[in-house]
Amino acid sequence: METILEVNNVVKQFGGFTALSGVKVNVHKGERLGLIGPNGSGKTTLINCISGAFTDYEGAIHFNGQDISKLKAHERTKRGIARSFQIPRPFSSMTVMENLLVPFAFVGGKDGPEQQAEAMEILRGMGLADKAFVQSNQLSQVELRKMELARAMAAKPKLLISDEAMAGLSGNEVDEVLEILFDLNKLGITIIMIEHIMQAVMKFSERVICLDAGKIICEGTPENIVKNPDVQRAYLGD
Amino acid sequence: MISLDLLFEAVLFGILLGCFYAAVSLGLSVAFGLLDVPYVAHPALLILGSYFTFLLSKTGIDPIICGLLLMPVFYVIGIALYRFYYETFERRSSDTGVRGLAFFFGIAFIIEVCLILVFGVDQRTVSATYIGSSLEIGEYRFPYRMLVAFGIAIFLTTLLTLYFSKTFNGRAIKAVGQDEGALRLMGANPVKIKQLAFGIATAVNALAGAMLIIVGPVEPAMDRIYIGRTFCVVVLAGLGSMSGTLVAGLILGIAESIVMMTLGASWAPAVSFGLLLLMLGIRPQGLFGR
Amino acid sequence: MNVNEYIFFAGFVILQFVVLATAWNILGGYAGYVNFGVPAFIAVGAYTAVVLFKSISAPLVVQIIGGGILAGLLGLTVGLLTLKLRGIFFSIATVAVVFILETVVMNWRYVGGATGLQLTRPQDLWIFDTYTRMLFFVMAVLAIGSVSIARYIQDSFLGRGLRAVRDSEEAAECSGVPTLKIKLIACTISGALMGIAGAPMPMYLSYIEPTATFNLNYSISALGMPIIGGTSHWIGPVIGALLLATIQQVVTVTVSNELNVLVVGVLLVLFVVLAPDGILGLIKKWKQSSK
Amino acid sequence: MDKIRRKILETGGAGLLAATVPTSMAFAQSAPVKIGMSMPQTGGLGAGGQAALIGLRMWVDDVNAKGGLLGRKVEFIVYDDQSNGANTPGIYTKLLDVDKVDILIAPYATNPTAPIMPLVKERGKLLMGNFSFQVNAKVQHDMWFNNAPWNDAKGWSEGFLEAGKNAGAKSIAIFAADAEFQQNLANGCREVVKNTDWNLVYDQNYPGNNTDFSSIIRSVRAARPEVVFVACYPNEAVAIMRSVNEIGLGSQVQIFGGGMVGLQFTPVMQSLGSLLNGVVNYNSYVPGMKFPGIEDFFKRYTERAIAAKVDPLGFYLPPFNYATGQMIEQAVNATKTFDNKRLADYLRRNEINTIVGPISFDKNGERSKPRMVQAQFRNIKDNDWEQFKNPGKQVVIWPAADKQGDVITPFDRARKAT
């Protein structure tokens, strides 16, 4: 299988505190990867390093074979890394459509009628078509989550990182979002999912990695992960 | 050209001046440094404190006592101000950036103009036995008013440092800056804590204001230059470090004093602001910042 | 033609504020970075003009262009220094710049230092009856110019990007917006326009002197006008400026004391608290409710 | 016809003095003559401006009580420029084009005045200057007349330095505020010093909003000057005198002061109190200077000033602003016209008697006979403004014409002297 993302011994420190100590991950094209771990285990730090929110870390990150370690976030987005946020960050002064047109404009370089049609397609795919011209601060929680995924899609990503896109959603809302992620994956987009809701991760992921205290404590298929004693210890404590 | 003992004396004056700068900045160090509120009205309230002191001292009370008496008043003002700020901006989270700044800038402006309307533009001073005379140690003479400033600065710094390290509320305030969630786990209400902190920050300003008018005459528009001085000290210190604030104040004071005696007094105002820009440019987290 | 000359004097000032408010809004309104240092940029414009006039007796147009360029560079520098940081740091930095430049000018004898400098206007009136009328016309052109720039930016990628930055800088980055770059562009343009607004001042007053030039009241106006008018749309600052500057002009020759300065401060606070989206916001609300 | 009406009015005026009939009636027939100006009533110059305004208003009332100018009531129009020169061009065009005033008076001080000079010249209008400094030197408007008792920069410090010379001084320290007026003062002093064999041991400008003068005074002391010339802002006088008292200047200092702006204003003098003793400083008027009618003026002034909560003594600006009115009055009555050209003409040619003595002008419209005095403060008590009314508190040491006593030196001795 061909590797799309290669995280090589990434170390990230905040002042004295080490958030990531030598994390090593390979992600394959088209893979559905689950990333789990207790609070403060470094999940979000890791994807911040991948998405480029942080660039001051040791180690290297390669994407599509190129070293992107020093690239700024927007440059990585241009190369095909898109993400959603744990706490949704809509462009609240804009309509949903305008939200999508930002990446169209700055990644694609166009925000004309075709792009708007395209954006509409994406929204339809997520069941947000009717909300297209609503100002985004009017949206419900689940709609916000979907819009963030839609906005990420508008950047035409090869790799999509979904950071707890299901936090605070009801059961069937979770399934809706899962559906969407599956569909996106079918389009050939590699997806890294960070999630607390276990059954969601297990249902979605082909492979699961468990972080604890800035280290990968184990990785494998959902089945063996749940059985893994380290994971249980990490979550439940001994 | 400049003799060594003169330079030495410049440093001594600088230390006194520096403590003074630290004292006027402590409140901001809490409000902006710890709570991250764009409290640009801080210097205006400082001047307000001076004017209240001026009024009180007319009754014959010693200005320092006036300052202490004013602290509870300012505490309440602070609480009210934060409440208002919270309800209108933080809660609605209607971009606190622009509006919050504009709000406090406007408040500062209103305070300034109101002071002018009430007291006029000419300066006010207070009199006390220790104003106008100085302590003589051999060749050296130290104005008592500056020594008072020195004392107040040390007093406030230690007080706040102890408060933030020893008491529960103090620690809570320090925590609220970093992580509200953790605070909730501690069973404290972040808003209440912030409110408390803001009250303290403003109360400190009352005493600092009293000290300001002891050190020198005060006029309403003075707050403008202190926007720069206080923020310079706080940024230099690294947000929210009390002892850092003292050190930063000293650095600024000594720098200004030396410039005054050597390069020429007319360049002094550029010092604080220059330092500030430099700091923002090369080490925005400040000398003692995380 | 015998139109009352006073109109042109008052008009000049009002139009100058239109330029200032519009300029401020390009960064403050669109991107949400508050510039307190407006007088610094005005002064750079004004003093550049003075130097150009004194040294090579450059014509007004050249003075204005020169002033614009230097003020733009100032914006760029301050931006490079602080636009990486949170907004408040940028704001504080701009205040710092005011005092630093004022100190420099105070010590710079060539431009008069603290004593100020009297300048004798050249008498080339072009097609105008009086110099003031020419200045009025020039300022009108500058106003139209800067408003069209603001309008163009608003509808362009740049405007879209700046709005994204204001709403969420992180999300903007992750949507491919080169945030630092566009902030720098905005800061430069905004600064340049403020410089342009300041450049005609020496000729208008035929005198230049630091304390008036570096007066922080410019800041409160330049930031108050857009916020009162409404920052989201290019017309907002224009409304705010026309309204407030006119009020100020009227008050100066009627009520005539500190109250006049108070007007802006109070209105500003009232608006940020009660009508965060300014007059435009109120109009929108009113339209919706009347529907 | 005009003559006759004036006759009627004069009697009317007289009657109105006796049985104060509402003025308006007295001027029933003729349109008022408008005198307009902008006066800084707020901002840095506000305090002085407000006091000056009382002086002018007193003249307006007096002249109207006498029946006005050429039988026309004087209407006085004043705006506030907030001490900001950027406001004055607009205000003066309004005065000219909207209010259509007949005679213009300049705002107090140089900064607000300078921007209106070209405008006034373009319009060929008479402008009565108001304590500004050499503002006409460049513009050369031949209808400008400054009421200030000084001429060029040198006039300021001559007397002060002379006193130093007599005390055998050979070295001088200068420190001045970074502001228009103070810089002009200091530059004058520097000029004079250049032409002496003195050596300038310290020369610094200090910035506004200076918190503490300890380090400045300390370095002055280190320079061991025999004369210390200070040109400061009213707002700094207190801080400076405190530091002088705290840090000390050394026993070698003969005289101290010279150009301290503010030592003419009651609030400052009062808050300084005994700290003033020994200081030699410039002034435009001090009690004991003999001018016809000035005592009466100050009696009336103080009443109005206290009511208006402004400087209750008003030695500095008010009498000279009243004099401005007197100049207009005399010129108008002599030329029987409001035509600015002819008024200017008259003022240039003739000497005018005012409550601050006879005034005549040079070709620049500045005083041809400057009458600045240097006076030394003596036995001043704390917190008592009334004391300054009495002669002997400020003893004129220069010029000879107004001299009231010899300067006491050295400074340390002068401070204790009673």
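Going in written order, the chains are labelled A, B, C and D, and every chain counts its residues from 1.
What we mean here is this: a residue touches a chain if its C-beta (ideal position, glycine included) is under 8 Å from a C-beta of that chain, and two chains touch if they have at least 3 such contacts.
Small disclaimer: the values here were computed from a predicted structure and weren't measured.
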>> Just to be sure I understand the contacts, which chains border both subunit C and subunit A?
In response: none
>> Need the most distant chain from subunit D, centre defined as the mean of C-alpha atoms.
In response: A
>> Suppose each chain is reduced to the average of its Cα coordinates; what separation in Å results between subunit C and subunit D?
In response: 37
> Whole-Å distance, subunit A centre to subunit B centre, using C-alpha means?
Replying inline: 44
> In whole angstrom, what separates the CA-based centres of subunit A and subunit D?
Replying inline: 75
> Roughly how far is subunit B from subunit D, going centre to centre by Cα mean, in whole Å?
Replying inline: 39
>> Can you list every residue of subunit D that touches 2 or more other chains, as numbers and ranges?
In response: 42, 44, 178, 205, 207
>> Multi-chain contacts only, two chains or more: what residues does subunit C have there?
In response: 103, 106-107, 166-167, 257-258, 261
>> Which positions in subunit A are in touch with at least two other chains?
In response: none
>> Following the definition at the start, I'd like every touching pair of chains, please.
In response: A-C, B-C, B-D, C-D
> Which residues of subunit D touch subunit B in their complex?
Replying inline: 42-44, 46-47, 175, 178, 204-207, 209-212, 214-216, 218-219, 222, 234-235, 238-239, 242-243, 245-248, 265, 267-268, 271, 275
> Any idea which subunit B residues touch subunit D in the complex?
Replying inline: 3, 6, 9-10, 13-14, 16-17, 20, 116, 120-123, 125, 131-134, 141, 143-146, 215-217, 219, 222, 224-225, 257, 260-261, 264-269
>> Can you tell me which positions in subunit C touch subunit B when the two form their complex?
In response: 28-29, 32-34, 36, 81-82, 84-85, 87-89, 91-93, 95-97, 99-100, 102-104, 106-107, 166-167, 216, 219-220, 223-224, 227, 231, 257-259, 261-262, 264-266, 268-269, 272-273, 276
> Along subunit C, where are the residues that touch subunit A in the complex?
Replying inline: 157, 160-161, 163-164, 166-168, 170-180, 232
> Tell me, which parts of subunit D touch subunit C in their complex?
Replying inline: 41-42, 44, 79-82, 84-87, 89-91, 93-94, 96-98, 110-111, 114-115, 117-118, 122, 135, 138-139, 177-180, 182-184, 187, 205, 207-208
